[in-house]
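Read through the structures below before going on.
First chain A sits with chain B, and in the next complex the same chain sits with chain C.
And now, the complex of A and B:
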């Protein structure tokens, strides 16, 4: 088990008004993503708990790309990873941001 | 006075030796080894029929049980080295030399035997390449083949899995070789004559039907959202873009996803009747929904597929069938069709380098080539035009004066990371180090980079036809390599420049939203759904029945 803390500054506040959302499941090759709108407008904090050790560089690259594409300002994101591949991680994060776009 | 009939005389003496065990052409299963020892001579080239599907397994086992002091140093020339009995021939010293095409499950055992000096390797061929050599310098002295049924005259019914049999028999019989067939049943009259009896010297009813591997069945339940995204990109960015009507698909989940998206996503793009109408393809169960929805005009098959026989029999407008109603497959003709008559090959691969060379060699395994290198190569002998072929050719030659020439579209589908986070993009193919260690004269490359026209990953499509320099090509490949080390080492500015030229196209450039890529788009989401689409005609083998 490895825990990674990744903090980034986003260009804008994540759109929508939803306070929190959850997507995905903890299963082999999959991951669960919890998003909470609890931070300042441009701050984004990601905590990754993963069963597969030694891929910190890949996680940081995936998160950087996500922040650049989706600008998730204000979100604290908690990930429980069951060994998902990067494309699945990107997809779940994008799904999470879309869920947050909803109203209250 | 030279003697011109030595081979015929030799054949006659061997036939006489064999007839001690037969009544007419027919012999009993428990005499198989004795008959083979009588008919085959040490040093012979022997073809033991077997490819990636059907296997002359009774004859293989009987040959492996031969007495090494009577039979040794055989030269095995066959498509597939797939059964453990095939390897036993070498470990027991009955055979010493090997020319083959495909090994699949025995890839690791072949590598070990090669390394231990048990096998003297001629070459690893593609299917039609080996067939071609059957007629030039690797003509079998004896062919051991498999058929569904035979009559006492030796007429054979090979049924849906005809595959390699006509080619093997043609080369062997007409060059004074001996043809021995195992059949599932001896009958008074065969349903249709696939091999005329005068080309068959001996027949044995095997204790069990010959083995057939269901190699082309992909369970839709295993298809992932990422594969669906890649299938959407391929359909919109390649099939629609070039108007691909004539094509061949590989056997991975990526191409299964494309087959299952034609009646849904493809339909929504208005592509029905415009793309994917004529196929060189095995009877993939995952193509059933597209066939049932009226997408498919015609399919010619290399072989058959377990469970598809009744469905095919009920769809003769689509498939090639015989006078008995069942499928007629033929690997040599279908491979030729894939090479010369198709505008596109698309298949999955395990590993690709910065020049686009791809390989399915993983450490310690020699899986062979099968047909993919022929399907996945530009046929320089082609002289007829089609819209897709000319468009690809124009993209490749843009800016260069001279004669216009077409190009086959050769598309590699791969997820940037494979199982256990193994990156699919590499600086150097594992096959290079492997070839060095095994002292192979040729690096085992499945598809050469200069034949590849497009690479599709979950990050987008790289169109290598539009690359003008080796550097552009490398950056186009890095630009779709995702978060692998190769992908992260991209020159971001150059990749953006390539994207603005359309060399790289992202999902958003094709108006495809990755969030729409999910299993609801699949026309069938399980094997059971495929059975329903077929009206109960498709009968999947037991291991795929999970309901």
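And now, the complex of A and C:
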């Protein structure tokens, strides 16, 4: 297992009022993404626990791209990964911010 | 905007995640989770094996409603570690059942969405203990007047301790894809040899452990098509047909099982059972449409009973 901590500054606060959401399943080639609205407006912290070691640069690139596209300000994002490909990771992150858009 | 949950109703039960099943099974927006993933009650064992954890340890428990009736629910995620019973996973389910048992204000119905290969091998003793505690908690809840309904139709099936747990429930809903057993196909083959049971022979596995066989033999009480709406309808149909949990029911169950052994004990494979039952479509049960199968199953002596 490898743990990565990635902190970024987002352009804006993530839309919506939902306090937390989860998407995905920890399985081979899949991952779960837990999102919590607990940080300051533009802060975004991502913690990745992955069963596949040595891909820190790829994770950072995927998360940079996600922060730029979706501006997840205020979210703490926690990932349990079962060896998902980068495109699956991007998809789950996008699903996660979409779930947080709900009004609650 | 179209209700985003309605899409789950039409979706496949087999393919859905545990959270999708709950969203479609329960009345829209009625579910509230106990010990949700944000509480991070993860397995204390998996890290020792350098294996990834899940924030809910592969089981979602909570409170909701089905057709306006309050229920407690537990849903196993069959894709995380095969839906297996670990220490935390089991404790969540035990706690839910004890809540139903002890609190008279709690819902009187518990729905168990089982999708499991049994005990999680990495948590062997804790997992075995969890299964024992769950069995005891089910029986105590039923004694207290709680209906416990199992639903089986996921990719992991319902094996090992899960098969025993299902058998302890008040009622069971199953789909064709659902399988119930104690020793899984690979376990039987490993122990008894391929001549005894070929686990790679999928038709054999399904016609032995699968939902159609379980339903016709009375091992399950309602048959659902492989979609979430059908599981919902089948569950609702059982809510008012819950047997009492008393000596009379146990005696009926004993009589039912003795009669089953007497009728089918000499059969070597499932098609022989269909023939003994006099089912005209015995050679093409697997190909029957859900409605046709339900009509045949409902007509069988032994498939519908007051036992369990």
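Just so we're on the same page, the second predicted complex is superposed on the first by the 104 of 104 C-alpha atoms of A that agree within 3 Å, B and C clash if a C-alpha of one lies under 4 Å from a C-alpha of the other, contacts with A are read in each partner's own complex, and residues count from 1 in each chain.
The rule is simple: a contact is a pair of C-beta atoms (placed from the backbone, for glycine too) under 8 Å apart; a residue touches a chain by one contact, two chains touch by 3 or more.
Computed from a predicted model, the values in this text were never measured in an experiment.
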Chain B versus chain C as contact partner of A:91, first or second or both or neither: first
Which of chain B and chain C A:49 touches, first, second, both or neither: second
Contacts of A:78 with chain B and chain C, given as first, second, both or neither: second
Contacts of A:36 with chain B and chain C, given as first, second, both or neither: second
Which superposed partner A:58 touches (first chain B, second chain C, both, neither): first
Partner chain(s) touched by A:26 [first = chain B, second = chain C, both, neither]: second
Chain B and chain C contact sites that coincide on chain A, given as residue numbers: none
Chain A residues touching chain B - in the complex, by the definition given at the top: 52, 55, 57-58, 61-62, 65, 83, 85-88, 90-91, 94-95, 98
In the complex with chain A, residue positions of chain C that touch it: 17, 19, 36-38, 47, 50-56, 77, 79-80
Chain A - residues contacting chain C, complex: 1, 20, 22, 25-27, 30, 32, 34, 36, 49-51, 78, 80-82
Chain B residues touching chain A - in the complex, by the definition given at the top: 224-226, 415-417, 421, 458-459, 482-483, 488, 514-515, 517
